[in-house]
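After this come two complexes, each holding chain A, first together with chain B and then together with chain C.
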Partner chain A sequence: MKKQLPLLIGFLAGSFAIAEFYIPAGIVRDIQSKLLEFASVLAAAAFVLGGINVIQVNLPIILHRRPDWQYKVVLMLGAAAMLLAGIEWHSLAAAPAPTQVTERPTGTTALAISASRDDAELSVDNKPFVPLGSGWREPVAPGAHNVAVRIPQPGYSAIAMPITVRAGMELTLRVPVRMLWGPSGRVYTWMYDHVFGPCNATMFALLSFFIASAAFRAFRARNLDAALLLGAAIIIMLGRVPIGRAIAGWLPALSDWIIDIPNNAGRRAIMMGAAIGAVATSLRVILGLERSHLGRD
Partner chain B sequence: MPALVLSILLALAAPHDLQLAPAKNDDGHHLVLRFTGSADATRYAVYRSVSAPGTAPPVLDLPPWQRVKTLDAEAGPMTTVDEVPDSNTEYSYAVRAELVPPGAAVATEIGPPALVGPARPRAAWFDGSRTFMLTIVLGTLILLAVYYQRAKRSPKAIYVRRIPGIDAMEEAIGRSTEMGRPVLYVPGIEEIQDIQTVAGLVILGHVAEAAARYETEIRVTCMIPLVMVVAEEVVRQAFANAGRPDAHRPENVQFVSSEQFAFTAGVNGIIMREKPATAIYMGRFYGESLVLAEAGFLNHSIQIAGTAELTQLPFFIAACDYTIIGEELFAVSAYLSRDPRQLSALKASDMVKLAVLALIVVGTILNAFGAWDIGSWVTP
Partner chain C sequence: MAARNALLGFLERFDRRWIFLAMGLAIVLPLLYPLGLPADPSPMVKAVFYAIDDLPAGSTVLVSVDVDPASRPELEPFFHAAVRHLKKKGCKLVFLTLWYQAPPLVEHWIKDDVESASFPGDRPYRSGEDYVWLGFREGKAVVIAGIGQDLAATFNGQDAAGTPFAELPVLRGFARLADFPLIVLVSAGAPGAKEYVQLVQSRYNLKIVAASTAVSLTDLTPYYQSGQLLGLAGGMVDTAEYEILVARFLGLDPKEGVGAKALDVLNIGHLVVIFAIVLGNVIYFAGRRR
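Up next is the complex of A and B:
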């Protein structure tokens, strides 16, 4: 039963997934989308397990001062900081104060706007944003106007609202702007943009150096195959840069031919073989022929 | 004023030859509207209603009519597919021509509407455009059954060619044992539903079992938490299969990060600090493939990679000792297990491949002589 039940569930779910691919009728799609929702819930739950795994792996290393435990401290602190910054703390606080709107007769039709922060920016009637500073006051035409107030950096609340100014009246707006928490909040976006982003780009940038070192090894003409590879690589590289055309006008065309014809033929052969292999593997798993993950018979 | 309105309405002719039909191979939420445009129109406004069109000219900008599309005018017959909210309701359509001068935002001339309908969308119970793919799946299934029976009768009758990359796995694990250093296994960076990840996890079972037999530590690093959960179970089962459940250490299956290059940095750190003697990469990889493989090369690890991701194959070939290319990745488990049931699937896929190859050759020849367009049959 321990083996048969997973096989049966796998068979039913897999068969349904195959059938769904060929049956466009709404009810089948509805069931499929429900199953995908289940999968999303499972994946979200697995993230909790992932977090637990990070603690299980790294915490004992820190506690027992095993080699390189300092790196684990940085890891745990980083994970904790992102976790805390990712929680929408502002939603736990009291509801934000609404925009205060007051109207008084001054004889001049005008709009006066201020915000709770001096670094806020203002846009009236979809014009470009300008610094709001300690306040903004301008005469305006009577009627409807669009007002938008924001902080130039991400992670703050922004307000865009239509207002109507009556003739001879001055409308005063006091806009509360507050810092947000959570994935689109100030702290999270700052850490993402200023810490994670540069580190990520650095890792990706390593690729260019690794391509050079790997190419150097791969292009050593040790035998006929490697010599062919080297020759093709030289033609492709020269065909892709202006100096290639200067050396010989036919080099770019030859480079394109190598990519479009022999290279494409090889790519398609691999692709088709992999696709049919994937079909066979899927059937093997769905039909329960592949059961090494369930233990020996 | 009425004369002005009449002149505006009569300046452009109504579209003609309107046809409304359910979309083919549909999930029951689409209607296809075809019509022939009128001269001088620059665009067409398409309106939808849930009521029958009736005989009187409708007021299109009021309910039940609703403007659903604006189409730029094209020469010849025009076709548009509209997604409707309810599959059990009949819908009518009205199309009217509009003339918008260059640089203007609104139409200066509007033609009278042409009406069509009602029609109801129809859900199909078979997507005819996928017949060829179904043929491949059914063909594989039938051949699998045939070769399965044959394999049961004479298990040794199925020949599988040598794949050096797979043969090297056991040797590489043995090297790890001799050097007293761990084996590193990365099952790709894709989600669990990706077939390459599934193949990577199945192979992990064999590698972990060999590592357990050799009493060698195996480190598995995952980028997707769900893959980590499954990998942990696979490794646990593999250690049980090898008769050494006590040697399994759950913390050796590790979730590193769900961010691609944070994961890469984490795995590179493991490679540089723990110095695994063997690094095995099986599954779908992207830009991190060469960064991982070069770190392994600098560490002097024996590296075996397998992927069907075309763009990453050259990187693995350049940086790894052995590379399992494309379809071979899906053959590894059957190759290692030598289980006749699994080998029959290999044989079936080989036969399907042969049939597709024959189809390509015949189709190319026939297509060259203009006798048969294979492309329109495969993807109608």
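Up next is the complex of A and C:
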């Protein structure tokens, strides 16, 4: 039963996913949509399993002071910090104060806007945002206006609201702006912008130096195959950039030919082979012939 | 003969850190002293431009921004250029991402280009009316298959800010991928353009253009040749070419774009790599002969 039930579920879900492709009926699409939702939930749950796995792998290394345990501490602290910053703590607090709107007759039709932070920006009637500072007041035409207030940095609440100003009245808006938590919050975006982003980009940028070094040390014309590869690489590297055209007008055309004809021929062959392999493997899983994904027990 | 041997000896002892220095200079110097060599957009890039340009004014376009900070230099100029192009056409925009690393980047870019006027004559777009940011949904290929059938079910019926789809005028009449006249993919890898083509393009007969990183270009060119991608911009070179086309379209200076400036870095950077290959082979063959 431990094996048969997962195999049966796999067979039914897999067979349905194939059959659904050929049956345009609405109910079939609804069931498929539900199955895809299940798959999304499973994928999200995998994140939790991933987190547990990170702890299982790294915590013993830290506790037993195994080699490089210091890096594991950084990893765990970084993960914990991002996790905490990613929780929407502000939603646990009391509801934010609403925008205060007051109206008083002054004889001049005007709009006065201020925010709870001096670094807020204001846009009236979809014009470009301008610094709001300690406040903004201007005469406006009577009628409807669009007001938007935001903080230039991400991670703060923003408002965009339509208002109506009556003739001879001054409408005053006091906009409360608050810092947010969660994936769009200030702390999370700050860590993303100033830690994760630069580290991620730096790792990738180092590739240019590794490629140059590898080109110098490893890219040798040892035989005919390697010489052909080397020649094609040089032609494509030159043909893909404007300086190639400046060197010889025919280089870009030759580069395009190599990409379009020999490269695509090889790519198609690999892709078709891989696709046929995927179909065969999928059929084996659906039919229960392939059971390695179920584990050993 | 002695001089030749001395030269070969020098080459054999050549420290690869000189290559690093050369690459560093190849990156920095062209940014300080631009070459400004003219770029000629390739047919694939022109196809991206015309696919967007042929859209009826005011169309609603889905933009899947599947990027991370590492791919930012290659793909950010394309995003900005495509958004400006689409805004000039008066198109409404629906953004989403399949990459968990993408949301903060995309939110920055939306703020810069969508919510603000980004070229002369442009206007800020209003969330919910002119554009919507659906955010990130985990599931990779499953999400692509899901939005092929039902956008609301896949995103729990709300955008990234929690606004229900029913309150978003921009999504009225757009329930699944097939409802969009064009899909623009800004795709740094998997899941991305390849998965969109394999899972939903043929099935729903979707019109798709894509921008990818340079390393993904050869993976995707077969799909461009087969017509499954209407246009393809691969890597910084194609991105810069598209940016130049859009700058001309908007009446801006093509040389002022980030991609155009980066072209000079690529020009010199490629020459340094080729020089490293040649030098390495000279040393190799000289050593073998001795």
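Definition applied: the second predicted complex is superposed on the first by the 262 of 297 C-alpha atoms of A that agree within 3 Å, B and C clash if a C-alpha of one lies under 4 Å from a C-alpha of the other, contacts with A are read in each partner's own complex, and residues count from 1 in each chain.
Note that a contact is a pair of C-beta atoms (placed from the backbone, for glycine too) under 8 Å apart; a residue touches a chain by one contact, two chains touch by 3 or more.
Given the structure is predicted, the values throughout are model-derived calculations rather than measurements.
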Tell me which partner A:23 touches in the superposition: chain B (first), chain C (second), both or neither.
first
For A:189, is the partner it touches chain B (first), chain C (second), both, or none of the two (neither)?
second
Tell me which partner A:283 touches in the superposition: chain B (first), chain C (second), both or neither.
first
Touched partner set for A:166, first chain B, second chain C, both or neither
neither
Quick check for you: in the superposed arrangement, does A:53 touch first (chain B), second (chain C), both or neither?
first
Would you sort A:66 into first (chain B), second (chain C), both or neither based on which partner it touches?
neither
Regarding the shared-chain residue A:137, is it in contact with chain B (first), chain C (second), both, or neither?
neither
When the two structures are overlaid on chain A, which partner does A:128 contact: first (chain B), second (chain C), both, or neither?
second
Under the stated touch criterion, which partner chain does A:197 make contact with: chain B (first), chain C (second), both, or neither?
second
Of all the chain A residues, which ones make contact with chain B and with chain C?
21, 29, 39, 43, 47, 196, 200, 203-204, 211, 213, 215, 217-218, 267, 271
Going by the contact rule set out above, which residues of chain B touch chain A in the complex?
25-29, 87, 123-127, 130, 133-134, 136-137, 140-141, 144, 148, 191-193, 195-196, 198-199, 201-202, 205-206, 224-226, 228-230, 233-234, 237, 240-241, 250-251, 253-255, 258-259, 261-262, 264-265, 269, 273, 287, 290-291, 293-294, 297, 308, 310, 313, 315, 317-319, 325-331, 333-334, 337, 339, 341-342, 344-346, 348-349, 352-353, 356
Residues on chain A engaged by chain C in the complex (per definition of touch)
21, 29, 32-33, 36-37, 39-40, 43-44, 47, 123, 126, 128-129, 146, 154, 160, 183-184, 188-189, 192-193, 196-198, 200-201, 203-204, 208-209, 211-213, 215-221, 230, 233-234, 237-238, 240-246, 252, 256, 259-260, 263-264, 267-268, 271
So in the complex, which bits of chain C are touching chain A?
16, 19-20, 22-24, 27, 35, 37-40, 42, 68-73, 101, 103-105, 107-108, 111, 116-117, 123-124, 126-127, 136-140, 142-143, 145-146, 149-150, 153-154, 160, 203, 217-219, 221-222, 225, 235, 237, 263, 266-274, 276-277, 279-281, 284
Where on chain A is chain B touching in the complex?
18, 21-27, 29, 39, 42-43, 46-47, 49-50, 53-54, 56-57, 60, 67-68, 71, 196, 199-200, 203-204, 206-207, 210-211, 213-215, 217-218, 267, 270-274, 276-285, 287, 289-290, 292-296
